[in-house]
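Lettered A, B, C and D in written order, each chain numbered from 1.
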Amino acid sequence: MDAKTSQNKIAQNKTAQNKTARARIPAKLPRPSKIQLDDLVLANKILFRFNIVDAFGHISVRDERDPKSRYLMSRHIPPGMVTAKDIVTFDMDSNPLTHVDMPQMSERYIHGEIYKLRPDVVSVVHCHARPLIPFGAAKGARLRPLTHMCGFLGCGVPIYEIREAGGMTDMLVRTAPLGKALAEVLGDKSVVLMRGHGATMVGASIQEAVFRAIFATENATIQMQAHQLAINGEVEFLSDEESAKSSKGRNVPRAWSLWKHQITAGS
Amino acid sequence: MDAKTSQNKIAQNKTAQNKTARARIPAKLPRPSKIQLDDLVLANKILFRFNIVDAFGHISVRDERDPKSRYLMSRHIPPGMVTAKDIVTFDMDSNPLTHVDMPQMSERYIHGEIYKLRPDVVSVVHCHARPLIPFGAAKGARLRPLTHMCGFLGCGVPIYEIREAGGMTDMLVRTAPLGKALAEVLGDKSVVLMRGHGATMVGASIQEAVFRAIFATENATIQMQAHQLAINGEVEFLSDEESAKSSKGRNVPRAWSLWKHQITAGS
Amino acid sequence: MDAKTSQNKIAQNKTAQNKTARARIPAKLPRPSKIQLDDLVLANKILFRFNIVDAFGHISVRDERDPKSRYLMSRHIPPGMVTAKDIVTFDMDSNPLTHVDMPQMSERYIHGEIYKLRPDVVSVVHCHARPLIPFGAAKGARLRPLTHMCGFLGCGVPIYEIREAGGMTDMLVRTAPLGKALAEVLGDKSVVLMRGHGATMVGASIQEAVFRAIFATENATIQMQAHQLAINGEVEFLSDEESAKSSKGRNVPRAWSLWKHQITAGS
Amino acid sequence: MDAKTSQNKIAQNKTAQNKTARARIPAKLPRPSKIQLDDLVLANKILFRFNIVDAFGHISVRDERDPKSRYLMSRHIPPGMVTAKDIVTFDMDSNPLTHVDMPQMSERYIHGEIYKLRPDVVSVVHCHARPLIPFGAAKGARLRPLTHMCGFLGCGVPIYEIREAGGMTDMLVRTAPLGKALAEVLGDKSVVLMRGHGATMVGASIQEAVFRAIFATENATIQMQAHQLAINGEVEFLSDEESAKSSKGRNVPRAWSLWKHQITAGS
């Protein structure tokens, strides 16, 4: 098969896929609400600004028009470049229902599979935030809450070892089964570390998922310093009760109001 | 009680509280001076710019029109967004005498209770500056002055363990008794670390409190590096006499002049 | 010989050198393509923006008009100041074929000698990126891939000890033999560390060489933290198979699209 | 003596001092050259931009109109705010010959006393660059060159312990004898660390002194990481011969050209 034949074949396959994709799309797919689109675009910009994502990483949210069967996430572009028109609607098997001719995130299964297992989760962030990576790779390390901003870590931070679900891979959650395995390791927690890769965090809103991504990363930086500073590396973390109590309150909307202000003001 | 009844009840309570609050307000409350307002707003911006505060943290100052019974601090918004019209006047029990219909900082008791115990203190900063947090959590660690800019640490930096005053809490200094306990741990010192939370520092002026917040944080960063670099972690700190002598001089106004320039010039 | 005579001699030598240089230049040297020039200038700006290069360091690319016998690289100026008109054409012995009257990079032999030994390499970056330097100097340290973005490190990262090739030098790869020795230590790998100096990385395109420079540096930072965090410094790296598999895919063009956007938008 | 009398007394003393100062000033003090003024102002801005100085620290240069008996340095303001009209001419006893009514740097004796002992030195930087401070305080630490940019450290980096010259002080080099003691500890070296304070570096030009300040600081950061990364903290430094050889060459003007470009372009 020469190069041209091969290209034709790929083009044909793509057309066939697109037809299938279009067939999947409900006749009357309601447009996402402007508020959700604006918040999702803003979330992308905030995550980029605070170095949670770089060219890679993504955030999704359940579509409020049909939260049980659809979610919203950008197409395959860097988060810092996302605009409202790049937001794709997916079904819960992570098939795109819009933008079907465009490349999509290989790892969209992270989002769909978590939504399936966690009805309480409204938004999911996947990222390669640098300070979190050592906690997924260093033997014996354990991410634990050092301040009341990070009480959501108190319930535990599991580590996803992709080798257990997929053997030797390119590390990406490229399939529904790998996504399901990740969702199962996450369990009822807020954050799951991914060895050799990054982390995924969830929230009851876009704002909470973003908050958890930023403050889990802050906690990682502080915790590394605390272990180095301590005699024998011993550190006093928040107790379970302190973690649970400090997870409530006005922190998320207050932080979001600043981040929105910073992005909007370009400051 | 259904949701609507509950909401009504909350609204009624709020109205009742506001009435009480208004009743507390002296008939002729003098306006804060423009200079104090400007300095306090500027202090908020400086603390934000140098990462001492983020969406959280606050700075207060005794109201120069009645320094024994009132202090000034912003309402419940992120420090980086504070303007003169957001500055609230509080009595020393941390009741708002202005802006009574608006949400206030949960931890305003930090400020009022310190002013009660420390007549020499004119300004108080509360923050979650990242490099200070390990010193409140790492077993055996002790924040000590490494340079003449940080001589104010030489008198000792106590650690406030909120469990001793309040048991298992959400870590916040939400009540006058918790604030009083913090003020007592601070004692006659310049800085108190708060385990699992952040730090509070005081000064004889807004400028000095800001200076101490910024340089205590600088010292923390340097000290962590010094311990790691040293054979056996042993470090030569300023002696008590060096600390005391280096706390005087022209440092505060000089630093303030630069910070003001940076904020004003937007550079 | 007085200063003036000495200066005259230098001027004469320079004129002689320039004549020789001009004699070397083919009568019809085709202009580099605009696309290559633009990409090379952009690559300089990206490397500068992400602190891979400072006033020092350089990136070259095979001239697509004659990839076997010529390469393109800026004249002797800081990367952050490079424009299209500063791009020099070199032969594979690293003689300049254009800009012959101007000072050239002392270490251009790094580029020419690697192109001679590695027909698969299209672009070469030489840099002093700070986080890479400890890995060339710390006894027992070894740069290894911690995330799927850095799979290209999995084949091994050799260290070039210039003393073996040149004895006690000023550390610079100032001659073809020193360049050849570096190319031989690099072998078939992607990155070579240079003790007491910096690093050199190669790619099948400008984009890939830039990507490897940036992510090798990211990996170094994360790896230092991981060793410190781990009990006994033990860390789980990508396996050889994971490294090989994760080196493919859409990472390079996606990252490049963001970096280009950031430079172009001035954001 | 009441406050007013005291103030009068201070004012009288100041007038007396100023009269003495004016008496010292030669009748025909030549204006500094514009080139030197511009370079010195630019040096202040570069040192500020690269966090070598903050509100504190200073750089001086011998006055090229009379290099044996005068030097130039800003009056008592933060380096980032210095303009040409703030440049004061001092004699070698560090008496101001211009701007005599204005406050001067307490530590100007650092500069005058080094110029007296080191005829080869044309420019002096005093700073509190953060990464250098641990090397002056950590027991057993020794700043040594890790890259060819820092060969100037190879001759050794002594530490000035002010207690030896002045006992328990406020750490400042406030007098000529303390300045002379510092100059003697510096000896024929390029950099002297000051325990509990900062560092002082010298050069044969403004450009070289700035270069050494910036790269000594870079070396400190890298060296701390290298020790942490190494098995047993063992690191391969530049040999004496490598240090000496790499201290020559085109590095200083090339770096300066970039820094000037960055400041001028406001980039």
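Rule of thumb we're sticking to: a residue touches a chain if its C-beta (ideal position, glycine included) is under 8 Å from a C-beta of that chain, and two chains touch if they have at least 3 such contacts.
Keep in mind the model is a prediction, meaning the values are calculated, not measured.
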item	value
Shortest walk length in steps over touching chains, chain B through to chain C	2
Starting at chain A, fewest touch steps before arriving at chain C	1
Greatest separation from chain B - chain, by CA centre	C
Angle of rotation relating chain B to chain D [CA atoms, steps of 5 degrees]	90
Residue-number overlap at the chain A/chain B interface, same or different (half cut)	different
Whole-Å gap separating chain C and chain D, where each centre is the average of the chain's CA atoms	35
Centre-to-centre distance between chain D and chain A (centres being mean Cα positions), rounded to whole Å	49
Interface hub residues of chain A, defined as touching at least two other chains	227-228
Touch-based graph of the chains, sorted into line, ring, star, complete or other	ring
Contact pairs between chains, per stated definition	A-B, A-C, B-D, C-D
Complex contacts: residues of chain C adjacent to chain D	54-56, 76-78, 80-81, 103, 106, 128, 130-131, 133-135, 137-141, 168-172, 195-198, 224, 227-228
Residues of chain B that touch chain D when the two form their complex	145-149, 151, 218, 221-222, 225-232, 234-239, 241-242, 245-246, 248-251, 254-255, 257-259, 261-262
